[in-house]
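Two complexes are shown next, each including subunit A; its partner changes from subunit B in the first to subunit C in the second.
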Partner chain A sequence: MHIPDGIVPAQVCLAGYGLTGFFTWYSLRQIDKQGNPGPQIPKASLLTAAFFVASSIYIPIPPASVHLLLNGLLGVVLGYFSFPAIVIGLFFQALIVGHGGLTTLGVNATMMGVPALLSYHIFQLRFLVDRKNPQRPVLLGIFAFLGGFIGLALSALIFMGIVIATVPADFNAGTEQTAIVTLTLMHIPLAILEGGFTAMLVIFLQRVKPELLTGR
Partner chain B sequence: MAAAQVLIYAPSDPQTPWTKGQTDEKGYFVFDPAEQDAGQDAAPTAGQWEVTVRQAGHGGTTTFAVGDAAGSTGSVSTSSALPGNPSAAPMQRWISMAAVIWGFVGTALFFSRKPLGGKA
Partner chain C sequence: MATASFETYIDGRSRIHSWTPRLKLISLVLLMFAFAAIKHLSLVIPMLGVTAMMYALSGLPLSFLLKRLRYPGLFILMVVLVLPFGSGETVLAQWGPLALRQEGLMTMVLVVARFVSILTLGFILLGTTPFLTLLRAMRSLGLPTLLADMTLLTYRYLFETADMLSTMQRSMHLRGFGHRNRWLRLNGRTLSQLAGLLGTLLIRSYERSERVYKAMLLRGYGQLQSSQLAAHQPADRTSLVLTSLCVMAAIGFVITELTFLLK
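Take a look at the complex of A and B:
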């Protein structure tokens, strides 16, 4: 679900870089407000590696196959670190694996990073539901699932919107739209899978190392 | 990419597709730059041809030279395929991936190290 070079017009690429610049600034500002970022960096670094590798893991969902994304998981576990982590991960994916592209780095970062930030805020909603005991496994699991699921599902919807809006006139728009909608629908089972994986990981972390979960 | 849409642009008119088509189930699309289909303008075959492939927001564009532009004269016999992965050979890619992953792990290890006991 990476937009490669040459698919979207230059204006969209520039807008993507502009938005990525803004959200990177905003995320770094929030990180700075939280105090010393040092203790969070090992976690962010390892999950950036996981994000980098995840796009190479394909899951066959007929009639084709889709690859893992993990942006929702990054949002839930890393909080505001998730956006710069995704930008760095996408940069190396474009450079080494050939997923996405350097001109579309901004578009892809916005497409995956903004839902990751939203996933973080969804995960934090558990504090509103149960102020006394927000770390209950059931509550953690539900909100982590929602974070993982919505992170990927929203990215797929943004992808669909961008590529449908930018189909060149020379191509058959109907055929392209059908292919895009089919690809987006194929991401629903993947979103459920990533939501479930995020929930399991969060519950596991809460049991073995609860300080790794971003608190309020 | 199977069943992807293909546009071919001739050197004489890079704005209007010279022909359109679709890749087969193996992702191949074959065309002959020298052919002059009925109803098509006779496009000079020598020069830079452009091929654009797209399916569900994925694809790419490549160009290739035919005839004099390719440094040859006489009849044209050229075939081209879109690059599957622009980066490198599989072994080189795996080594690069391992180096990047080790970079992330090394960063994590560096920032998780315990502070030294003594004072400077």
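Take a look at the complex of A and C:
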């Protein structure tokens, strides 16, 4: 689910960079507020590498490719670091495998990074639900599922919005509508899969290495 | 993961190689954006011409470009191949239910030409600038320290992490994972085993990052004064000429595009 170079008009690319600039600034400000980011930098970087490696197994089935997007999980684990992590990951993806592109880096980063930030906040909501014991597996599972689900679902919606608004020159309205509905329906099982996977992984992390989740 | 060699830099002595990195980065990115703005078919030939000229100037072998374009090219072809058949009203040719339409065909030509040109410029940038030089240039153009540090560290550990993952996958396979049927049937158990795999990868990366941070601290990480950052390399004449040519070309393309739009 990347937008390659040459497909979207320059205005969209520029708007994407503008939004990415804003969200990067916002994320960096929040990171600064949390105090000394020093020890967090290597952690976020190595996890970015791990996420990159884990998500680069994909099968291109245009206009989407089927693989785990992992942006919800990234938000859940990395918090505000997830946005810079996604920018960097996409930058490497454009360089190494030519997936996505340099002019569309901003668009792609917004498409995946904003849902990641949202997933992080959703995952943090568990503290509101149960103040005493927010790390209960059931609670972790539910909120991680929501994080993963929304991460993919929202990215897919933004992706389809951009593709439909910019690509087809003169598709007739009927074809277009069928395409939108089919694609949306196609992504629901994927979002459930992504949510389930995120929940399983978060429960696993809580069991084996809880400090990875309670760092903030 | 595709373990293609990451360092795309190819040593050379061309004018593009010796172009001041900061100026090269700005010029090529500007040109890429100007290309992305092109919507009129008559600008396709000049665009491809400028791209070809830049590539010839860079002295990079053609095989480098072809190798790099292969995978993304395949992907975009699959995306745009529906256009000539699904979009537009003027039918050029008809084979049964399949109709080749003019408008769709034109859009396809435009998208593919833009894609090839932008990607080629990107590869010129990466092929003639070592990655670390490029990062330094981005840093001097205002890339935040945190982003630069994260990019460097991610870059440093990317392939080691990929190796770690493939070792883990191999040992899972040796213990019988995925043997029963070639196409992994997606059930809860498989999914939780895969979650365990990725979880372990994350934990190992996390533990390693703690060691890396301690080592970095011992080597004085975070003590660097801004004045210690390398001073800017002064731009030579060739760099300035190349930069102004690129900027003029970019502006020219945008202005021509706008006049077409206003007509």
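As a convention for this text, the second predicted complex is superposed on the first by the 183 of 216 C-alpha atoms of A that agree within 3 Å, B and C clash if a C-alpha of one lies under 4 Å from a C-alpha of the other, contacts with A are read in each partner's own complex, and residues count from 1 in each chain.
Keep in mind that, in the parts below, a residue touches a chain if its C-beta (ideal position, glycine included) is under 8 Å from a C-beta of that chain, and two chains touch if they have at least 3 such contacts.
Note that the coordinates shown come from a computational prediction; the quantities given were computed from them, not determined experimentally.
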Touched partner set for A:107, first subunit B, second subunit C, both or neither: neither
Which superposed partner A:180 touches (first subunit B, second subunit C, both, neither): first
Touching partner for A:52 - first (subunit B), second (subunit C), both, neither: both
Partner chain(s) touched by A:97 [first = subunit B, second = subunit C, both, neither]: both
First, second, both or neither for A:196, with subunit B first and subunit C second: second
Touching partner for A:42 - first (subunit B), second (subunit C), both, neither: both
Partner chain in contact with A:14 - subunit B first, subunit C second, else both or neither: second
Partner chain(s) touched by A:122 [first = subunit B, second = subunit C, both, neither]: neither
Footprint overlap on subunit A, comparing subunit B with subunit C: 4-7, 38-39, 41-43, 45-46, 48-49, 52-53, 56, 92, 95-98, 168, 170-171, 175
Subunit B-touching residues of subunit A, taken from the complex the two chains share: 3-7, 38-39, 41-43, 45-46, 48-49, 52-53, 56, 92, 95-98, 159-160, 162-163, 167-168, 170-172, 175-176, 179-180, 182-183
Contact footprint of subunit C on subunit A as seen in their complex: 4-11, 13-14, 24, 28, 31, 37-39, 41-50, 52-54, 56-57, 60, 62-63, 77, 84-85, 87-89, 91-92, 94-99, 101-103, 168-171, 175, 193, 196-197, 200-201, 204-205, 208-209, 212
Residues of subunit C defined as touching subunit A within the complex: 1-2, 4, 6, 8, 29, 32-37, 39, 68-69, 71-72, 74-76, 78-79, 83, 86-89, 103-104, 107, 111-119, 122, 126, 144, 146-147, 149-155, 157-158, 160-162, 165, 186, 191-192, 194-196, 198-203, 205-206, 208-210, 212-213, 216-217, 221-222
Subunit B residues within the subunit A interface of the complex: 5, 7, 16-17, 20, 52, 54-61, 85-87, 93, 96-97, 100-101, 104-105, 107-109, 111-112
